[in-house]
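Chain naming follows the written order as A, B, C and D, and within any one chain the residues start at number 1.
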Amino acid sequence: MFNKKTIFLGFASVLLAGTVVAAPVHNTNITEEEVRKAQEAWGAALIQISQDYSEGGLAKAKETAEAVLNQAYGYAQGPVLFKPTLATGETTFRITQEGALAYFVGDNPEFGDSGFALKGWREYSFENAAVYINGDLALTMGHVHLINAAGEKTTVDKTWGFKKDDQGDLRIVLHHSSLPYSK
Amino acid sequence: MFNKKTIFLGFASVLLAGTVVAAPVHNTNITEEEVRKAQEAWGAALIQISQDYSEGGLAKAKETAEAVLNQAYGYAQGPVLFKPTLATGETTFRITQEGALAYFVGDNPEFGDSGFALKGWREYSFENAAVYINGDLALTMGHVHLINAAGEKTTVDKTWGFKKDDQGDLRIVLHHSSLPYSK
Amino acid sequence: MFNKKTIFLGFASVLLAGTVVAAPVHNTNITEEEVRKAQEAWGAALIQISQDYSEGGLAKAKETAEAVLNQAYGYAQGPVLFKPTLATGETTFRITQEGALAYFVGDNPEFGDSGFALKGWREYSFENAAVYINGDLALTMGHVHLINAAGEKTTVDKTWGFKKDDQGDLRIVLHHSSLPYSK
Amino acid sequence: MFNKKTIFLGFASVLLAGTVVAAPVHNTNITEEEVRKAQEAWGAALIQISQDYSEGGLAKAKETAEAVLNQAYGYAQGPVLFKPTLATGETTFRITQEGALAYFVGDNPEFGDSGFALKGWREYSFENAAVYINGDLALTMGHVHLINAAGEKTTVDKTWGFKKDDQGDLRIVLHHSSLPYSK
């Protein structure tokens, strides 16, 4: 039935030798390590914008913020689900990059933000309460802690959604940040 | 080269007839319509718990809440990323079903909640600011509006993550709810 | 602006202590290790059916084959894309479990198979040429080598698609097997 | 408890008017329609290469084949699981684009192909036996029918895996093609 002779000649050496070369693997999935690095990078970027503002003023801060948004968020691919900590009313949700930039560095009368990234942030840490990984998308929820130049601490309740793109870079497609509820 | 005769005989009728039977399709993806229905179902469930509390007291409300959690949330599959509107401090995140049940109907000294679903909710609506669909997972962000028996309106900023399970049912795996920021 | 006092009291210990408890992670993705084990299990199952046939006859072989199909294939969830090595003509594709069972153990006049798993298989190995992992789905392509009781070797070109279900079990949703092309 | 006044003012108009603007939706999933078009495009591309060979010789055919591979296959992103119909032995699997190009237009001594796309194909059709859609990946299995300039028909058993990339284009990441088994 089978053409056994041909098959035998072709693959016997493999069976006898038992040495199997590792096959190339293409894996599009997101990993916990990548998520952790993306969370660290977000904090480092926020502090960088704050420092650039201190040293180079609004122009430099805005330039850095634009670079951060281009790299770390998914606005180029489509709408981003972004509810910033201090956004409210008609401009609660910053679906476009313009709205996100306004939130971080202000200077946009349409949104009226004072510029969250300009508030002198110096230290950053996060605590994940739980992580959910599904394919190339990861969701995290937990506390983010920020310390400003005056040593004051702020904590927010934070949810992120990270999407791994075709180049292997993680982009924020979801970001819900809120102040802790005060009883 | 090819065994053309066999092939010709086998498939000529198909080529001539031009009638192609539709192939069965197995599609695991989540749809906008399913997301919308899941969002509606969440509101209906909240109002149901409130009504059951009015009519049958805490025992009935708790029974309904457990059924809702079993069906609409993904706690049986693993941790759920849940930050309820009024949760704060050590119990901000309700990763387990016990914590979620405590939030909705109270009666659990470990969490100290008054029972969000017992607050006499009568009407519910939502406005999505944006929706992100990725495979069997959908993310929504927007406003949820609630009206209680006294006619008072409450709005929250709400993010949901819905995962479609193997049976085709949507389960909430992410839920971040927060009061609008007050300047 | 922020209620800094509350936040300070609530989370200072975390920031000072620097001890972060690992967050629970829910990860639905398939891993290379899981894929490798599923590939090994397929071969072990084929040999088991062959051995059961030798020792217990058709009834026992069929019982084992049914158990294998129930566990290793995704027929309970929907159509499976299965093109068995020796299937041809009108019954080339075995989209239903009935067709797959007929292929492995014969005894079904609708399909006319002699029973691929009854051919006295004793050894099994595989060589992946490449692996593609995308979320909860993994695709593999490579050679599968089989040796029967007479010591004759057969090699086939094999493609598999494995889907990880909600319980964490891998199920074959795609299986294309073909004899090497003979020039 | 809630700041009801602010909320009332902010959203009453929405609740009263009942007109909800459609939210922007970002959907990365692959659709049946996209799969069908990609299957049609594959056949059109094959015929185009054949026609370009007839009219412009090998150079033109090769140019077209390279363009097809660049656009329709995922080699730029990583290994592609490709088992062409007439490939066998050491070069059964064409994981790299070089191997795929060699298969379609020959002219590469390392692979020794005569050039499958140069065989004068004029008509193309396909019949899906089943389709499996999982996120941004779709799997199809069925028959592909080809007719050459002499009117001879060839049918192959064909499996494809299509991955939708970040730009919304479908790319073949899996392709297993085999001649029907001859009893």
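The criterion applied here is as follows: a residue touches a chain if its C-beta (ideal position, glycine included) is under 8 Å from a C-beta of that chain, and two chains touch if they have at least 3 such contacts.
Keep in mind it's a predicted model, so treat the numbers as computed, not measured.
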Furthest chain, CA centroid comparison against chain A: C
Approximate Å spacing (C-alpha centroids) for the pair chain A, chain C: 34
Distance from the mean Cα position of chain D to that of chain C, given in whole angstrom: 24
Residues of chain B whose C-beta touches two or more other chains: 10, 24-26, 78-79, 86, 89, 95, 129-132, 134-136, 140, 142-143, 173, 179-180, 182
Chain contact graph, described as a line, ring, star, complete graph or other shape: complete
Chain C-touching residues of chain B, taken from the complex the two chains share: 10, 24-26, 77-79, 89-90, 95, 135, 165-166, 173
Interface residues, chain B side, partner chain A - complex: 78-83, 85-89, 92-93, 95, 129-132, 134-137, 139-143, 157, 159, 161, 163, 173-174, 176, 178-183
Chain C contact footprint on chain A (complex, rising order): 1-4, 6-8, 10-12, 14-15, 20-21, 23-30, 32, 86, 125, 127-136, 140, 142-143, 145, 147, 152-155, 179-180, 182
